[in-house]
Amino acid sequence: MSILIDRNSKVLVQGITGRQGGFHARLMMEYGTNVVGGVTPGKGGEWFDGKPVFDTMRAAVKTKYADVSLVTVPARFAADAIMEAADAGIKLVICLTEHIPVADMMRVLAFCRQRGTRLIGPNCPGVMTPGEAKVGIIPAMVALPGDVGVVSKSGTLTYEVGFAMKNRGIGNSTIVGIGGDPVIGTTFVDILEMFENDPDTKKVALLGEIGGSAEIAAADYIKTSMTKPVAAFIAGRSAPPGKRMGHAGAIVDGGEGSADEKIQALEAAGARVAANPEEIPDLLS
Amino acid sequence: MKLHEYQSKALFQEYGIPIPQGRVAETSREAGAIAAELGGTVVVKAQVHVGGRGKAGGVKVARDAAAAERHAQAILGMNIKGLTVEKVLIDEAADIQQEIYLAITNDRSAGQPLLMTSMQGGMDIEELNRTRPDAIIREHIDPILGLQPYQMTYIASAMRLPRAHWRSFLKILSGLYACYNKSDAELAEINPLVITGAGALLAVDGKVIIDDNALYRQPALTAQRDSSDEPESERLAREAGITYIKLEGQIGCMVNGAGLAMTTMDMTKLYGEAHGIGPANFLDIGGGATPEQVATALSIILSDANVKAVLFNIFGGITRCDEVARGILTAYNAVQPEVPMVIRLQGTNAAEGKKIISEAQLPHLISAETLTEAAQRAVAAVQESA
Amino acid sequence: MSILIDRNSKVLVQGITGRQGGFHARLMMEYGTNVVGGVTPGKGGEWFDGKPVFDTMRAAVKTKYADVSLVTVPARFAADAIMEAADAGIKLVICLTEHIPVADMMRVLAFCRQRGTRLIGPNCPGVMTPGEAKVGIIPAMVALPGDVGVVSKSGTLTYEVGFAMKNRGIGNSTIVGIGGDPVIGTTFVDILEMFENDPDTKKVALLGEIGGSAEIAAADYIKTSMTKPVAAFIAGRSAPPGKRMGHAGAIVDGGEGSADEKIQALEAAGARVAANPEEIPDLLS
Amino acid sequence: MKLHEYQSKALFQEYGIPIPQGRVAETSREAGAIAAELGGTVVVKAQVHVGGRGKAGGVKVARDAAAAERHAQAILGMNIKGLTVEKVLIDEAADIQQEIYLAITNDRSAGQPLLMTSMQGGMDIEELNRTRPDAIIREHIDPILGLQPYQMTYIASAMRLPRAHWRSFLKILSGLYACYNKSDAELAEINPLVITGAGALLAVDGKVIIDDNALYRQPALTAQRDSSDEPESERLAREAGITYIKLEGQIGCMVNGAGLAMTTMDMTKLYGEAHGIGPANFLDIGGGATPEQVATALSIILSDANVKAVLFNIFGGITRCDEVARGILTAYNAVQPEVPMVIRLQGTNAAEGKKIISEAQLPHLISAETLTEAAQRAVAAVQESA
């Protein structure tokens, strides 16, 4: 078992005929993900590696039943693509696209809530259930099947930690990149709750960073509601305040959102916080 | 992208929000002329992208044009928290009876715009939040529907604004929301919004920050960018599509991915701090960096004279390490660095990448297997160079 | 028993300090309706006939628990007033105001659906449960307590029919004016369903008119789901096509919405349709 | 409020929808001049608020200016379904390869805007709905969110519009929605939207109806009202705030409330139809009518020479019957009607009202207790007058 996706998930790729979308769709299929088709407006009727391409999500969902959609379209079109997926009845949308304006995301999020659609991301590496399926860009080589759930705001840092675990023979139930943008569809708390309820997840690694208060909310949840052990790392202890560290959300503002504050909250909640992400496997043993 | 006070207030005015008469000056003579034109008492205000300019002496009241010119001379060129003042705003002085705080910002947790206002204006929101949290009225705005009239009435009523000012205040609320919304602002703040002795409302100070990701659809605002206080190296990086932030340490960092870039910085600090060693910069070369971008990034890192070693930390996912290795060689040949470079390649095609690097047999190249090892070696290299 | 309102309903009047709002608030209180207060922006803190006036619905609901709101404000402010009530947690809003633009009503209706608020009207005479409470402008003298439910698009026509019943000793469980606008919050079908489920309603009178297809939907519902007898009258047999007969919704357009079409559908569904509204009492005996 | 074709198309153009070159003329000479200016083949089209003008001869193609002038002369002054043509539109003729139907309207049942489109344009939507219902693509629009890009793509794809036209069509969809939305339209229809031989899209005919209740916030559109085909009596009533619609029968009706007014008409027809007698008008005097309004209403009713009797049906709710009775007496004295007037007062203060009427002892006044009785007496009065 796992959370969010598994070998039975039926996936549509929005933007499948694009360079990024096509590249990752192929890697996902190689990994074993059940990609049932793709959507590119104006290219309906074409084929992509044996999978049908549709003009619209509505047509795609009508023809090929699907659970999950992966949004890989450019930032100007991404908000519309997410809403299209939600409107077509998709209940899990994973959006890789970065640089989507926050105003668009707030509207999209309200829309997704109305439709009962869960959004992961944007600006995230996606979700992988090792040995079963991956939806997004997490490289196959960074993880083994196992019982540690991973939830992270960052892409390559997740690979780093997954890889460190793999080198120690530790595998993962599901790896979820929630993204580093200020407004995201799914938070640490949402995913921690899923891991807490997932019988195949025994322990959890949480990778946070400066900016916002999502890690503080996670600490509250860990303190009040989690029985499974949590190891954590917070990136950005050396980041100066008032500067945006690459991720649109990674900024310490008015003294809020610092790494130290988050580390303290997580430690007070009983999580074990690593000073070096390569120590996470030790904290999980 | 931050707008200056004078730009923010001009934007407010476009949305029907009353602001004091005033103009911006780049010389003290110009400042004196503006003050003479306005007549009466004026305020001379440094235009810099940083808080606390008042305490730093960047805001002065002048009773006449001569005084304004004198104050402008003192303020122009002043260094406030590392930034040089290049412009001053000369505003007519307002007859302040009451200061109101009013702002709309993105609430990350709620995923909704949040309006905050208080009759205790003048101080900043963090201070207000610490000292008088109960005096702040907070109202979320539905991002699809926008700020509704009934919410505005609620706000005016809840903050106990005297009824005489409701009509003007509601117009300002609706103007500020339109400004925030149509400008793709992250923050649109009026502080203070002043009730004058004559009973008028006036936005005496303002601050607008535009969402960088939305600048593509805000050409008029983008054109107002003032890069004068942006370090040359950051500007070059921005124009090359690289995120670079200069810091104070000695280890130049080149990393793929923002989270890993921060982490790499943290590791240089973790192992270097005891020796006074830390990161010289944040740099994310992104997912699909070309050899040219790697070369540009390396030049930018090395343009910082503090840099005594460079740390490459690449975790190949989509990025293939062999391609990055070739990029590093290209960059190396182009830039001819004289400081040691620690190279750590991991992930997709890491073996090929390492082979390319080792076969090139370039001087000053140190390889590392893990992030920990890479950080430790970079710290050691800086220590050796001292 | 009854539907929608009874003697226990706690009612706020939006626009209570206005000429119309105040006049009807007084008549409602005289009738026995539990009016707990009113709202007029800028007049919070005043009193109206011993009832507190608030600036906002939020303040009113916080201070005085209320179930029902009556909107009596002018058309330009009515859409906002309905949304304010829904946002303040009121679950039944009755709007008398006429001349609200349809575009505003469509937005308001979507908002009310999101909040789970039922809207009756706009441009309606309101609701009366004879002998218990009235919220709106239906005159006390037109009805007795009894077991006939009345649902109507029209005001004075409703009084006419109520009065004809009263003169024959027939009383009403609840009288509901749903309004004659093209877009309304509550339809014939909604109210028929409530009457069907109300143990104190034995029979139903439906008063429709030309325009739209709400009476056709009502006929479908009567045919498929109603066990209680329905007597009906459809106004506008003599109205020319393409002309708007006073009510914004009363127009036969492109051949659709004619009285004959509606009468046929109702008769086919088993309702007894009167040619003269004064015959309704006969059809109910 | 209906806009003429030429007004609708000018509005479309403001929203970026391409329309043919053309102008409106009120004389045949003007029409000829416009045709000469446009050059080539033109279409001369009667501008009247009624459908079916083509079949009635109100639309003609002209190969040159002389023909255009000739056609305009024939069409101007023409009577189409009771309306006189006062203006013609001279449009360049389009090279029509394909006709598309496209409209946005209010869907009453759903409480949402509804977009309807079909590759089978040219015929009206009712006919299309009857003959090719499957050829109509229907898409509801969220009234808060508006028409979204993904919906537009769906529409273009579902209607099987050739891909070459998607870009232009999507711009037209988005323009038409903006036009509908910003104009408070009940209907914004392009029929046909033409694909020309050159592959361009062109709104060749258009129809916009504005929500009367929203005219207060649409001053520019309200200013375009053309009352020339509105009967004088209806215009007078509208200006006095009374809803009056002239019909063909003999019994003038004055009623409070729209539903009861229709019902009263129906009753005169129910009891009069066998004798060729029916309602002369719809008239709703509303809730709080003043004696002056009652007098105005009575004059308007009596301005119709067909009227042989007047039926007052007042069910007092908020309206008090004694006040209405006084209004009737005022009106009676002002207007001095010579036809019989049946007066039925019921509801609030009915007894007092009846007393006032009976004590006035005016000629031609007949009282009635019930609506049925009132209608029957009015029919009898008309029969007696014959």
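Just so it is clear, A, B, C and D label the chains in written order, and each chain counts residues from 1 on its own.
Definition applied: a contact is a pair of C-beta atoms (placed from the backbone, for glycine too) under 8 Å apart; a residue touches a chain by one contact, two chains touch by 3 or more.
These numbers were taken from a predicted model, which means no experiment stands behind them.
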Is the C-beta contact count larger for B-D or for C-D? C-D
Looking at C-alpha means, what's the farthest chain from chain A? D
Distance from the CA centroid of chain A to that of chain C, rounded to the nearest Å? 49
Chain B and chain C: spacing of chain centres that average the CA atoms, whole Å: 56
Please work out the Cα centroid separation of chain C and chain D, and write it as a whole number of Å. 27
Would you pick out the residues of chain D that each touch at least 2 other chains? 144-145
Listing for chain A: what residues touch at least two other chains? 107, 111
Should the pattern of chain-chain touching be classed as line, ring, star, complete or other? other
Chain D contacts chain A in the complex at 145, 148-150, 153-154, 156-158, 163, 166
The chain A residues in contact with chain D across the complex are 41-42, 44, 55-59, 77, 80-81, 83-84, 87, 107, 111
Can you list the residues on chain C that touch chain D in the complex? 23-24, 75-76, 99-107, 109-111, 125, 137-139, 141-142, 152-160, 163-164, 180, 182-183, 207, 209-210, 212-214, 217, 233, 235-240, 243, 245-250, 254-256, 259, 275-278
Using the touch definition from the top, list the residues of chain D that touch chain C in their complex. 106, 108-109, 111-113, 124-126, 142-144, 181, 184, 186, 211-214, 216-217, 243, 245, 247, 255-263, 265-270, 278-279, 282, 284, 315-318, 346-348, 370-372
Quick one: in the complex, what on chain B touches chain D? 144-145
